[in-house]
Amino acid sequence: MNGVLIDGTGAPPLVGSAVLVDDGRIAWVGPAGAFEAAEGVEVVDVAGTWVVPGLLDANVHLVSDLMPDVLLRYDIGDYDELVLEAAQVALKAGITTVFDTWGPLDALKRVRDGIDDGALVGSRIRIAGNIIGNSGPYGVDFLPQFGELLNDGVVERINAVWEQGVGDDLTWMTVEGVREAAREYIGTSGIDFVKYTSSSHSDGRFLAFSTDAQRAICEEAHAAGMTAQACTQSPQALDAAIEAGVDLLQHGDITGYYPMPDATVELIAGRQLPCVAFLMTDAHMETLSDTWRGGIWKERSFVRDQNARRLIDAGAKLALANDMGVYSSESKSSSLFGDLVGQVDDPRELGVAHTYWIRAAVERGMSPMDALLCATRNIADAYHVLDDLGTLEVGKRADLLILDADPLADPDNYLRIAHVVKDGEVVDLDLLPETPVLT
Amino acid sequence: MNGVLIDGTGAPPLVGSAVLVDDGRIAWVGPAGAFEAAEGVEVVDVAGTWVVPGLLDANVHLVSDLMPDVLLRYDIGDYDELVLEAAQVALKAGITTVFDTWGPLDALKRVRDGIDDGALVGSRIRIAGNIIGNSGPYGVDFLPQFGELLNDGVVERINAVWEQGVGDDLTWMTVEGVREAAREYIGTSGIDFVKYTSSSHSDGRFLAFSTDAQRAICEEAHAAGMTAQACTQSPQALDAAIEAGVDLLQHGDITGYYPMPDATVELIAGRQLPCVAFLMTDAHMETLSDTWRGGIWKERSFVRDQNARRLIDAGAKLALANDMGVYSSESKSSSLFGDLVGQVDDPRELGVAHTYWIRAAVERGMSPMDALLCATRNIADAYHVLDDLGTLEVGKRADLLILDADPLADPDNYLRIAHVVKDGEVVDLDLLPETPVLT
Amino acid sequence: MNGVLIDGTGAPPLVGSAVLVDDGRIAWVGPAGAFEAAEGVEVVDVAGTWVVPGLLDANVHLVSDLMPDVLLRYDIGDYDELVLEAAQVALKAGITTVFDTWGPLDALKRVRDGIDDGALVGSRIRIAGNIIGNSGPYGVDFLPQFGELLNDGVVERINAVWEQGVGDDLTWMTVEGVREAAREYIGTSGIDFVKYTSSSHSDGRFLAFSTDAQRAICEEAHAAGMTAQACTQSPQALDAAIEAGVDLLQHGDITGYYPMPDATVELIAGRQLPCVAFLMTDAHMETLSDTWRGGIWKERSFVRDQNARRLIDAGAKLALANDMGVYSSESKSSSLFGDLVGQVDDPRELGVAHTYWIRAAVERGMSPMDALLCATRNIADAYHVLDDLGTLEVGKRADLLILDADPLADPDNYLRIAHVVKDGEVVDLDLLPETPVLT
Amino acid sequence: MNGVLIDGTGAPPLVGSAVLVDDGRIAWVGPAGAFEAAEGVEVVDVAGTWVVPGLLDANVHLVSDLMPDVLLRYDIGDYDELVLEAAQVALKAGITTVFDTWGPLDALKRVRDGIDDGALVGSRIRIAGNIIGNSGPYGVDFLPQFGELLNDGVVERINAVWEQGVGDDLTWMTVEGVREAAREYIGTSGIDFVKYTSSSHSDGRFLAFSTDAQRAICEEAHAAGMTAQACTQSPQALDAAIEAGVDLLQHGDITGYYPMPDATVELIAGRQLPCVAFLMTDAHMETLSDTWRGGIWKERSFVRDQNARRLIDAGAKLALANDMGVYSSESKSSSLFGDLVGQVDDPRELGVAHTYWIRAAVERGMSPMDALLCATRNIADAYHVLDDLGTLEVGKRADLLILDADPLADPDNYLRIAHVVKDGEVVDLDLLPETPVLT
């Protein structure tokens, strides 16, 4: 009561607002002056704060630190501790819902369900399980160098935890074979949404699936009432995914060495097709060097940045994401991650990266209000959960991020957190993460 | 005169035949008894021989030995000596026309033109130059291990000799970008036909071009009056190429780990779409081991063999090819080629591999006559040069392979060569190759 | 009582013998007929058995399976479970004492002491800790490929567990520096004997220490009352170690590509300098192929075998060893160990390899009795513990291996175990290993 | 006549000097005022110049650019063109004699002899051929990455050009075997001096030969009237070489990670044992970074620099060398050489590196006069050719470097060359190198 309300619908901030929560949902929202507390209602005065919807992240990997010395500490697949830590890091940062787009299915489901049930505390998790068409972490699409060195049996069992029957093998199948495998996976795995790879993961040059195969996956997702998203890294892969009928472009701002064609920019903006972009701040872009990773990364990053600017200008429906999770301090200085994670305004590290994203969006001409929508409403819309999440409107889940400073004035203020409310409950942030393993 | 004529049309052998050659072309063909030699005509009696059309090979690489110690002997690009040696090895084996489907453009053109002009002796060469979408030999799609070790400038210049502006970079382009680059290449390079890659070359799992991009390449080829062919290695890539409108499937029998769908078999056979297959003899297949190259090769080879059998059964229009060339003896025992080239009934080595192909075809149920058509008429048909080549009919080039034993009785008899006639001239086989470099 | 006694002194078997044990030591030994049991003495009739000294192994690595998926299961350094399992595998095979010549110091000490105290059951362990001059397992001398891939901090901590301050860094030091580091290690580490490397470990070509530095290490060991041994792989390294004053040559039969000079053979035999040899059976040698590991292994193995034959002929004092330990079944089929461990008559696997060693010795002309001495008396002599171990004589520890068949008739009979007695106690072999982890 | 003479004996500069040359040797030297030209003597006035002995370089590799694209341009072994170019680059810089300490024997001999005969123009060459105990360039001690990729036969033939029967194989031999191979090589190869490796080349940690084997090589060299030198990289290897009796320490300033013991500094200085040092200027040392080549290089370079300072302070007899040769511009930017050659004050590049060496010596407290002796007299002394070379004294070869500015005032003045006189003849520097291949 009495905070400045920014409800995530795009409406201007409402100074002196009230939000009534009942049974975890928003029962009333409006000017504090118009609010009459019924008997038994506890009134909390949050004057001097800004109230925004709990943030969403359209693409995280709660298990991101894939170094063998991390994974091999656990029985294969029992990564619940890692998942939960990351979900708590997210929640502590006011991100009340995360969409995990590639991870160890069973651990993710256990933690997801534990959080949904209230048995565990953490950001709400929705999961894709495997990216259809990709291998597990030590397989051909990610870190085969580990796969070659560790025992075959161990590698196979670890990969299987991720692959779930829809791994890299599917790229070899016929369209019908892909369709059947996808259908089986969608029907039996307990996932929340479908992700497949349109591009080859490791270099991005190639298409992992033909347009027909991509269409088959989308159709199976839709038939099961799920959204479908594709991971794209090149112009042709992007076009194929759009043609196949995806609901969300996963990093649709990436087109390799050549800019996105005008026609594609217009298509994405015109259809208001939700599109995750990986925005980088100016400060981060200055760290990109010509020699780093052979200069390839810098070159592609500048193309990506131009694409993002054009999408913003065209009014595309962008969604915020960081695409990664948390890391041990050792992994942050490893040969694998050392030049990636922890750089200036690092766009990857869960818990802080979202503020860099918003800052980058504003630097690139987006209004602070629209940038907030990219982290709330647009994501809920993309995942077809706008009835439940993404704005502070009557009937929705009472996920609130209450800040001590105006987030529209400075993106860093998203970290000046007074309270995080999830499903109407105030989270005890001091306890999180409960069992720090990596952080 | 008086040889057994097998004219390559599928007609039964004609015992006691005559062929009249005039100005390098066939002026008359028929029973010797019906032939009346005009004055001034030289009559050659070849009684006791079998006369078949000069053979064609639908896919060779006249420069196949890509070891640096071979290429670096020459100024970059000046590989004429290598090209000519291979063309002479082919001619010596009775292969009067070869289609080089990936090679150093300028050297190939120089030797092609020299042979066409009569300045050089060798098999007639028709060339694709680069496989559109693939890198040069030391680039990412072939032998990047050499690219990493040699000086960058040298590597770039060698790769450029092959790439000709339509290299791996094209896979990053938009469909329109691909179309424009292809058009430019087709219009200015002096090639004879167009080849692009539908599959990623190094592992075959992925598609190098979307269906739309493939269609753009085919359209540009056809607009320029050229045939288009695609290199495919997986079911999805095969389907995409067919859908894109190719005239020839380059190793359409390869589908990786999963057999070709029935629908695809029927489509290829039903449309009589020319299809190169890489047939292996039973003896060769017995040499494939579970441990060789991780067992992958064996597994894929057996799938390929099953596909080939089904295509034969369905009556597909197959074409013979060996996909390689000649090698130095050192390269044959190198770590790179040592387990590939020179195996039992090696299907790759130019000059002998065609006899293994024909033997394999017969082992797989094809009639010896049909197998001969795969090495003659079907290839000419696939490349739209049936007016000129592929059968012994009036008006065609007088390319004749004259054998001392019946080739339909035993494929080895294709090597029992009495004479090779090209453009009506008897070739002096003893002189070939004139300058042995590798052989 | 009443077994055939082979006492390990070289004396002929005594049919109908008696051994009196008191407080874990042998109080009387002789013909059963001469034995008068005092009151209270328990008499066990072992008629029909053969009684030999508990075997010794001059070189084991109780932690041999160094695959990351094995080591990373444990907190770094807490490998007690692995050590104990291997010590129990040894004991179950009648090997009552093992000399661990490279391993994780603290875990080895804990298990050694636990066994000595009677708190744990297992083969008696004596330890060298690190091989002075060698890195830890993921360091430059052993498996750097793992060191490069795992997190640096993890690698450093794992290596430190083995290195204990006397790792590969010592090869860079001055002779005085080496002496001081060795003295510090010998004085404070709690090891039982000293091992250093004379040869470079990974390729064996080079000397890790100059003769002067080797002499300094030997002097420091002797000053502390310990034996010193060297790991040698080449003729020059072997000569340097002998000159430096070692008490035991660790695999003194290895000389790389050139046979041991006659002078060296005579020196070793003449001085009766104890010498571990890695004998291979004829059957094992037949498995060595020209292509395996580039043929190097085969070539060196044949040189080694010739050296061993010459040492046997010259009457050298050889000692049995297997140089390895136990492995998980997955590791046995890994790329790292798959072509090493588990081969025909594999001379490396603890628990069975000793029988192959003895068979090989006999095949190479040694008498079965002398071969037994190589596994008992010679090892105790080499380690200066002959007062305690190695023969069945009054005053020594009552370590007995009681067999159901004559071991001198067939080496396999060493595995036909009736009882294993250690320190006078019958071991319950059925319980071993108590906690199978790898086996 | 009339130049300032600095005669290389250490005597102070003589203003107004005269040097009489007869038949390529110095017939008279002294004050110009005391000189009386006989009839027929041509008098050249060089007033305003400084006259110093032609410089020597104690360690070059005239064939240094070992990239395959350089070597494979030539028939194997026919590297005369490369040798000559480098010898001419040296001569152009006033270095009239170079000691090539590892190179392709036959090409070196041909060019050496051609220059000695007057048939070719270039710096006088004296050669070691192979470094006894080291492989050829693509073998295990240098660039095995090329050896693995190129054809085995090519690699073997290239390596053999360098190895000459005294390659890496010798490290496996017995001391007697080493002695015999060395004797054979010394006796039959036509080399001028003997070099062997005391340290393992690739990492420097190990000793390539035992002290006894090193002594055997030195004895064989001396028996043949040749000097012997050793390549050392660690304290133990350095001590072993001194003990073995070498005449010249090849980079005796290198001791890896630990400083040279005081006793060794005193020994080298006390005995006046000639010692090549690789001095680096302060400016060069500032370019060494913590991340470059894992920081190892920087760490070792600082140890080396401290050693050099202590040797200078102790009055050791140092010799100048650059240890390398010339490179193509592409090789200078290659992954192999790119971070080595061409850095600030690069101590490796023939033709300029000697001025950096002298500057570094002066920076480290040596007098400019002593620094000049390191490039002249000390080297002639080390190689036992002081009767012939190294100073401007009667009877010696008339090798003169005539400069337009005082070299003792500024080392850069060694490049302000007025004339180079070799064997009494003025060299036409404008013509050099006659056939630029790499430069």
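We call the chains A, B, C and D, going by the order they appear; numbering starts again at 1 in every chain.
As a convention for this text, contacts are C-beta pairs under 8 Å (C-beta built on N, C-alpha and C of every residue); 3 or more make two chains touch, one makes a residue touch a chain.
Just so you know, these numbers come straight off a predicted model, no measurement behind them.
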Interchain contact steps from chain B to chain C (minimum; 1 if touching): 2
Chain whose average C-alpha position is farthest from chain D's own: A
Computed distance of Cα centres, chain B from chain A, in Å: 50
CA centroid of chain A to CA centroid of chain C, Å: 56
Chain A, residues touching no fewer than two other chains: none
Contact pairs between chains, per stated definition: A-B, A-C, B-D, C-D
Contacting residues of chain A [partner chain B, same complex]: 140, 168-169, 171-177, 200, 203, 205-213, 234-237, 239-240, 256-258, 261, 264
Footprint of chain D on chain B - complex, ascending: 67-69, 72-73, 145-146, 148-154, 328, 330-331, 333-336
